[in-house]
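The following pair of complexes shares a single chain, subunit A, combined with subunit B in the former and subunit C in the latter.
Showing the complex of A and B:
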């Protein structure tokens, strides 16, 4: 029994709320209208991003809430209330709230290709969005086209493939939410694996009259990290043996187990780490040539930017890390394949990457948050003043004080990264000094961000 | 359940680690607070014309010494632009042919972002310049704190072997 976690669902009121079929539906019923409004505002509203609900609410309010609050403290909670897969899931179920008998789904039920059962496609879909992000983040029409495209692809996939194939294998956001959800202080797990092993019906996976089989294609009995659990709580509803629970746990608990570490997830860590640095250089530095080049899609300069951006993500940063791991291997005279060490040590970058994203987001979310008051009253920029806040002046919150939040956050990420790197070295049967090249990489990365921010 | 175990599972803090954490904390405080040697400097007045265009300031970086007086003239080259400086009470608005001027003393050291305060187009939220008030002690101290923390963390976790 793991004594360092607390079962939240042992409290009857919590269990009752979490197993209510109305909970997830109600949350999505709240987020879906905002999502639709964001898309409509992009198509029909003002092209000025900071005056358009679609840009401000998606890329400042939602992004800020996701990176600063939801992800660090609640892991994949956003995935449970995300409106993007909801229409497809409702169609698949032909129901909004109550389950069909036996948890039956109406879909062609295609299986996802075996070779694509990983997050490589999510890595590439994120990179594709990231490459055009300067345009997507600032141009309402483009932002709406991208969001609408996500919703349409999710809908189409739910009609063809089984369950939430889009969320699990394609969603560009879901990939990094999954990676960083390993740090969250909550987890949904089975109480006793032996109970699952002896339970023949596996209703948590196949569904029952009480609910649907895991929409994320995960067998809860084998769940040992948060990465692919969407916190939808279907398994809480369908387990007839009361063997599934929601736990509060230490931050980052998943990273203290090195089981199931994979190259696709490792690469996600590199992509996220590199993008946080790249965005910090391109978007919030004074070098306007970079942002203008990144915005001028299709221009000769943009192609140079695109090649540099992709090379940094896929080759340069992982390559530097690989060289560090090779050095580590030589230091310890390990016989472990370098590729395996590369993957193992890459998980040290998970806390550092989340810290970098939080620090980067702090630099623009609070500064630009006051635009939210304007667009709430005038979502399309048509001159409305629904709540009397349309004329509120832009007020940069905590201007000049962001570093007081950014530095401690980066240091927390760095300390966690160092701890995991040394632990990883020890798990490989090597001395702590084996981790020094990886630690040097993490320190250099942190110093680079601090140099940019302070 | 020990609080230490809840925060960092499976490690458990021994006395040596607690000592390392305490010493690191003291060193971090020292890096933040200890006066650093500074060269003496004759205060100056700076008269700077800051050109604003979508989506950039020119010069992109202004560098002065702490205590210097800055007379800043904001001129716009294309559309209406604004200027706010993080940490300083500066709020200007300029249009082509209509500049705006402010004089202030750079009494806070460090790096401060210049931001456009008038909506000017797609990249408006990222129209950023910087005012650097030397000596850049905040940056030096932040780097020192990072190195001290990293060294402390290595020692802290190293002691488990």
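Showing the complex of A and C:
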């Protein structure tokens, strides 16, 4: 029994809400109109991104809410209320709210290929989006095409594959949400593993009359980190033994344990870390030529940018880290394979990466948030003024004070990264000193971002 | 079952009624305004220029042009219809309503120096008369340089030059009978030199005055406004051919060796006093000359081009 966590579901009102079959549908019914409006605005509204609901609400408001609030404090909560996989899931269930007898799903039920049961595809789908992000984030039509494509792929996959294969294995956003949800101060876990072990029906996984088997293909009894739990609360509904609960816990609790660390997740940490730095350089640095080059898709300069971007993500940054880990191994004369050490130490980058993304997002969200008032009143840029805010001037919020938020956030991330690096070294039976190359990597990264932001 | 039906109804509303309400609202707005809305997107030429670059309206139809500028500052003008939007800021949408009262094909253009290729940012609005949708093509008199059979691309070098900048003020007391459109100042000087008691300097001053008089102060002022908007970026504010947008224009390398490798210098007496107004008019109208000079004939009226010529003369002559 972990005494450092508090069971939130012991409060009857919370339990009642979380086990209500209305919960997920109601939440999606709230996010769905925003999603529909965003797609329609991209297809039919003004091409000026800052006046288009599709750009402003998705890439400023939603992104800001995701990175600054949902991810750090509620982990994968967004995945529970995301409208993208909803139509497919509803079709799979042929129901919106009610459970089917035995949790039956209407799908061809194909199994996901064994070799792809990891997040490599999510790594690459994120990189693909990231590579074109300057265009996607600023061009309403392209943004809507991408979002609509996600929805269509999710729908098609629901009809063919079992459960939420799209969310689990393909969604470009889901990969990093899963990685960083390990830091969130909430977790959904079973109360007693022995109860699960002795429960033969495993209704939480296969479904029952009370609900559906875990859409995320996770057996809750084996859940020991947040990465792949979509917080949909189906298992709370289908567990007949009241053995599943939602807990409040310390930040980053999943990283206290080094079990289940994998190369695909480690690479996700590198990709996120590198992208945060690349975006900070390309999107908000004074070198506008970089942004123009990243925007000019297909031009010779863009190809250079693309190769440099992919190389930085997949080779250069992981390569530098690998060299650091090799050095650490030599310092401590460890016998552990370098690849394993590389993966183990890479998890130190999880808090640093999230801190970098928060710091990056703070700047552009605060600078651009005031566009939200305009597009709320005039989502298509058609001259509407629904709430009288269409003419509100663009105003960057806290323009001179952003660095005062960014630096502490980065330093918190750095301290957490150092803590995990030292802990990882100690888990290998080595001294704290062994982590020095990894710590140096994290410090250099943090200083680079601070230099960019200040 | 009831709750499932309720959820289904709400979901249906979200997917169908919600978008229908959005477009319905817009349709009502548009219909009640009584104007047909046409969306134009102003991209810098490197990003595609006007989208669309061709629009059609009917005579008498109320049209609302809604113009968005996603990239940089643009302006908008349909010179023939007198429709102008001075400034469309990046990310903003500007609207203008009009009713076209005459049929024809009229160019529209960006009026702000949005990029190096700004002058290429042009489109056409076609105004149709529903009662006569296929009118015979309008015929125009050829421009003066063609009537005079002038080769615009030949060198027109002044054979006579003044010792100092001719001053219209000093020459104001002398009235000369000249036709500036068909002769160059140098030719006028050569023709008058033989039969005048004036000194060379006095004659040049008198020629300057004659040119200014024939143009008219109001016309020069109109030409100055157009020059500031469309020409100064390349030819420079003082007409010296040193505007920043004129650096490295395509075609420079192929210019005649005796010409300056850059936009024309309107203070250069050799060139300016060697050219008649008909030549200058033709060059503005047609553009080209193997340089990066755009054609302005499709945008300017004939009168506007003559006004421009009148103003350009003020760089070589002293019109103060």
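Following the convention adopted for this analysis, the second predicted complex is superposed on the first by the 454 of 454 C-alpha atoms of A that agree within 3 Å, B and C clash if a C-alpha of one lies under 4 Å from a C-alpha of the other, contacts with A are read in each partner's own complex, and residues count from 1 in each chain.
One rule holds in what follows: a residue touches a chain if its C-beta (ideal position, glycine included) is under 8 Å from a C-beta of that chain, and two chains touch if they have at least 3 such contacts.
None of the values given here were measured: they were computed from a predicted structure.
Touch criterion met: A:51 reaches subunit B and subunit C at once.
By the touch criterion stated above, A:96 is placed in contact with subunit C alone, subunit B being left untouched.
In the superposition on chain A, contact is made by A:383 with subunit C only, not with subunit B. A simple residue count on subunit A separates subunit B from subunit C, and the partner touching more is B.
Of the two partner chains placed around the shared chain by superposition, neither subunit B nor subunit C is touched by A:38.
Shared-chain residue A:272: touches no atom of subunit B or subunit C.
In the superposition on chain A, A:173 makes contact with neither subunit B nor subunit C. Judged by the document's definition of touching, subunit A residues 47-51 lie at the interface with subunit B and also at the interface with subunit C. Chain contact summary for the complex, subunit B toward subunit A: residues 1, 5-11, 55-57, 60-61, 84, 86-88, 108, 110-115, 117, 119, 121-130, 138-139, 142-143, 145-147, 149-150, 153-154, 156-158, 160-161.
For subunit A in complex with subunit C, the residues that touch the partner chain are 22, 25, 29, 32-33, 36-37, 40, 44, 46-51, 90, 95-98, 379-384.
Within the complex, the subunit A residues that touch subunit B are 3-4, 47-51, 134-135, 138-139, 249-251, 253, 256, 283-288, 291-292, 295, 364, 367-368, 371, 394, 396, 399-401, 403, 407, 410-411, 414-415, 418-419, 422-423, 426, 431-432, 436, 439, 442-443, 446-447, 450-451, 454. For subunit C in complex with subunit A, the touching residues are 1, 3-4, 7-8, 10-11, 14-15, 18-19, 22-23, 25-26, 29, 41, 66, 68-70, 90-93, 95.
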